[in-house]
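Same chain, two partners: subunit A is paired with subunit B first, then with subunit C.
Moving on to the complex of A and B:
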């Protein structure tokens, strides 16, 4: 029986003192554990956390929850998003051999997937290097939680020149049934020269446990490599989710990312991309959809440290009730990064008087021959468009639904996996169907 | 079919329509002409149910129903159609699925079976020939990136598919070149029948060379100051509006 404690910080301290069975990289774990032992979570006085209160998360102590157990039907439901993928399932942060496809069968295709805890020798070194080299932000306590406490994780590698046709579908499902409501998977992804892979990471809950999810991803793309990385989070309304993804694109690699934040009480998604060679490309897309008291915070940091790289960001928010959205995107163009092309757009649709968004697209440019633009909008549904649809026989609620779905579809239409696009669009449509009223 | 009696409408407490009367019967085409600011577009908007207009007095009945008491979508389902002066661009909403949804809402209202995708495509392809519209415009979002002429053709296409009983064309000719004007007017002429009626609102006479009206009304300062047949439009073309307006004022 897990002891119920009063807050997250105390709970973390207790974990730090507990012997872990996780054998991955003492070199990384030891400093992270010392940092955790020192405690201190950010407050809203920190510029980085100005718009996002952690009070609810810090008041939560991960406990067991018996509201629901895992069942096969729920897993099958989650698999619907990607019926033609290699599926890997984590339950409460732990790899589930029962629900996952057999990893060893994938080896011959040039794609290899190993458990971080089983790495040794060169592979371990490569995973450690990937983590250290991709990380741009120092002293991020949530990254230390991931590296210091994680019990599970994957090292995903694609060999040189391999086009990995079948996407990987990684499902993280939380129930907190019989374990603490805490999960922090770490994934390390490395694509060698001119290799390609698509990954879909999906976060879901079964039951109503107040789970704290702190995942971390570290990605390295070598010359000419391309990763399409999709994240779909639809967790229950009690979940706090703080994730960090660090990406390093070395010369002419392409990183495409889509994030769909459709659930949770609080989500803070931090995505940082550094270019370490000329010709790299990053395409970042996302939709956050919040209702009631949800708080959804998307943060991006693009470090243009090399010339001839491009980044293109497009994030959209739909907020109802008292929900709050945050977009904070920083594009740094360093002095040597000539011919940078950086575009950043954030558009928000507020469906209620009490919904709110804070949007802060930022450009810091130190090079003189660059093409950079950014923009943000916050608005309501277009009354002219509503009337136009009504004048053709469509009632006001349906008209509002069409317009809000279309608003999200401007992003989701770029999902280039048909089943995933249909899945995400149907989840967005289902949420909108509940929150859009005839009185919008 | 449409009976407007002493209609008085204001916008932000400024009177725009000041006692307008109009009777439209099935099979008729009525042209409403008038100078800028005379209230032409306000009339179109009030009849279609747009917000922001206050009806201070008078009535408008359509097929015996109190039009001013109906939501815009109900008016449409009952067979009314407004061709917009400035059709709205709707990013992300596909032109075909929008029109299919609209048609099926109207069919449901009439107690008819909804059309499936195949039947609908058959219908729309047939109607597109009527307005000589390029097929790729159907795949695009509603009116987005359409030229002025393409937007107006799209309005007439919607009208053809929805097959209204009463269509109000609000300055459909504005911004059209002569070829587009001919196509748009051709669409209207093919749709006219003994059972439906059109109210064509226009500033210029030239549209009426192509859509020949049964009646022409001159709207000035919120009232119809003269009604006549198509010859009145020709006279207006020659003499302008001023002589009529002066005459009307001298009679007050």
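Moving on to the complex of A and C:
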């Protein structure tokens, strides 16, 4: 058994020794590789992983050959979410020129997108600096997998004062059939002063095989810059997905993030935001919707190191079957971060007997002139509300559907890209249709 | 040193500009421990350190039956395998467990039957603490099981309680007189394997209180026990066991002050509560042990395991605590709601000042159907202190219709302290309704200004705001304790009361 458990870490070790071309310089990779060589994956004794067992992920042994046919129709289906966006498609972790929009012409509009693996000299240095500067915690081995082993990814830059109207739609699709696969795309995003951009990242699988997805994002916002960052992940029921996003907001930048975790066997999303100047703002939203034996885990870490910053978190979970939801949020307000406004809210709806939620909204506060509050609730559908709807002639299933959709809509209504909002809401509605039974 | 002198010069400059509020904060921070003194009574001590022999000696000293000796030894052997927990948000020098005395008792050990037989110097100590036994006996109607260090020396009202069949005696006596009850219940709520400090306590506990309320009896008075750490370098290992049999009710008060000492003193107590069907236990604590001086030197290390088991249907356990003392507080009074319709409550005010550190909270474990729990926690941090609420609400998969509401507020006084909230909610049943809310605030200038312009001084205003903030908890305290708690808060905020 012990041997099987080591499948993934053995595989990682093999990768460390390969001579492939990697995205980053040796200087950046070396510390990560030595961490990987030590190869210690967290267990449930680690406080940060208390509720999230990695046994299934570690049992998975990714194979090299994962190619399978990809049909145009499926890709078009995925593009539906964002018909008017610049689309970039990665298939099994590889950039697909066939399905992606041409990117070269974008440079003139102040938005430049390049492949990390093709960067050299100053540009590579800038990307790597962004990574180092935005990272707040490095105790997470999955970050080192991304940095040490990533072979590709995007470096996205927006020039000063550029308002990038057209959103960027990055699609990661896995087609793995039969054998397991592994991908770890890295995105590095830099927004110069007063520039704005919207990014939608979508994770999907067309194949049915187990995939381990370990993406990482490093984001830096300069004074007055604003990024809307959406993640929609609907992967197959065999997928293990552990993503890390590190964000650095300098000055009065605004970072808005939406996460919709609707698929996979296990998803763990780590999102850390640090403020390095006064006046920064972070708005974090998310919905995790789990059925059967899905395990969805959201971890947020807000480092208020500067005064006059605000953060607002609102996460909602809907769980059915034997699904487990985890919310683990920490707001740290450092001594000098006076006038901080930090709000944190986590609400959960349990739809079945065996669903389970573990939530841990934490505050660590070292400054006195702050407004910090958090709240968490767990419960089932409000029987009074159900009864009210039934008394208006709506049958029980529809009433339950209405209430459950409305519960998620509290978050999805804040999506301010119309097509994406419609897409996410329809995906949630479709899942709920299957989940919500007349006897809820 | 250089830094210090620089600081004081710059302080002088700032002093001129110092607002009333800052002055108040300064005063609070300057507050020294009021109850610092030592009673000089001859102590009997065992050799330093801990080994099986010491455990046997403690057991033999107390003339314990074999099952107790064996139980202690099992705990000791288990303790050797355990390590000190590192997860709390506490920072303190490592405790050298080989450099402690594990047993100390006043030498004059002939159990006194009345107050006349009690060492007059002990009585004087209680006087200094404001616990005149006679007065209590006559006026307050409170039976006091007074504990100085490790052996109970005075027990009052025993006869009256005897009439009702209530057993209220030192634990050592209970082991002699009621071994069956002790054997049946001791360690059933906090097993000797529970945690590092609980295991240590199980091995070496010296004494404590034992309470048994027979079925259907409503204890007519508040039972009270005063704890006091007295001999230098003596770990205190109290063990309290309270059993409320079917349909009974008891309210138990625990309060303590300790003399000023420069060396850290370790305290690892256990309190076990068991409420059978329809029974109710109300347990109130006012804790004001020596917290160390302004530089954070000295003070009590308080590692306490308190847990109540609502084992019968419709039972209720309510914890109320006012924590103002100790350098380190590590304490999570918990309720296991096993019986159907059982209720757990936790009301807490924790005030930390100077370099005090508190990591405290509760656990509510819902196992039975229709169980309810309520958590009201009010943290107040001042000076350079750190105050953390750490709590767990767990609803097991079979606990239908469980309800929990938690409110954990923090109040910061001054900008060098910390207030932290670590709630854990583990919900395995969809019929549960669990809500947690927390806010952090400071004593605002507006509030103080409002009170100022009504002719109330800034010091009084801060005192008022703080007691208003903690009122919900004080209201839960029995009358005598509410008075003491208010007084304690006043002492802790004395700079502001003039």
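Everything below uses one rule, namely that the second predicted complex is superposed on the first by the 424 of 440 C-alpha atoms of A that agree within 3 Å, B and C clash if a C-alpha of one lies under 4 Å from a C-alpha of the other, contacts with A are read in each partner's own complex, and residues count from 1 in each chain.
FYI, a residue touches a chain if its C-beta (ideal position, glycine included) is under 8 Å from a C-beta of that chain, and two chains touch if they have at least 3 such contacts.
Just so we're clear, the structure is a prediction, and the values are computed from it rather than from any experiment.
When both complexes are superposed on subunit A, subunit B and subunit C end up sitting side by side without clashing. When the shared chain is aligned, subunit C comes close enough to touch A:359, but subunit B does not. Judged by the touch definition given at the top, the superposed model places A:367 against subunit C, while subunit B stays out of reach.
In the superposed model, subunit B and subunit C sit 70 degrees apart as seen from the Cα centre of subunit A, a figure rounded to the nearest 10. Ranking subunit B and subunit C by residues of subunit A touched puts C first. Within the superposed three-chain model, A:388 lies in touch with subunit B and out of touch with subunit C [touch as defined at top]. In the superposition on chain A, contact of A:396 is made with subunit B only, not with subunit C.
Shared-chain residue A:379: touches subunit C; no touch with subunit B. When both complexes are overlaid on chain A, the residue A:406 reaches subunit B alone and has no touch with subunit C. Between subunit B and subunit C, the smallest C-alpha to C-alpha distance in the superposed model amounts to 15 Å.
Subunit A residues in contact with subunit B (one complex) as well as with subunit C (other complex) do not exist.
Chain contact summary for the complex, subunit A toward subunit B: residues 382-385, 387-396, 398-399, 402-403, 405-407, 409-410, 413. By the touch criterion given at the top, residues 87, 395, 397, 410, 412-442 of subunit C touch subunit A in their complex. Here subunit B touches subunit A in the complex through residues 48-51, 71-73, 75-77, 81-82, 84, 87-88, 90-93, 98-99, 101-103, 105-106, 109, 141-142, 158, 162, going by the rule given at the top. Touching subunit C in their complex are the following residues of subunit A: 47, 51, 335, 338, 348, 350-380.
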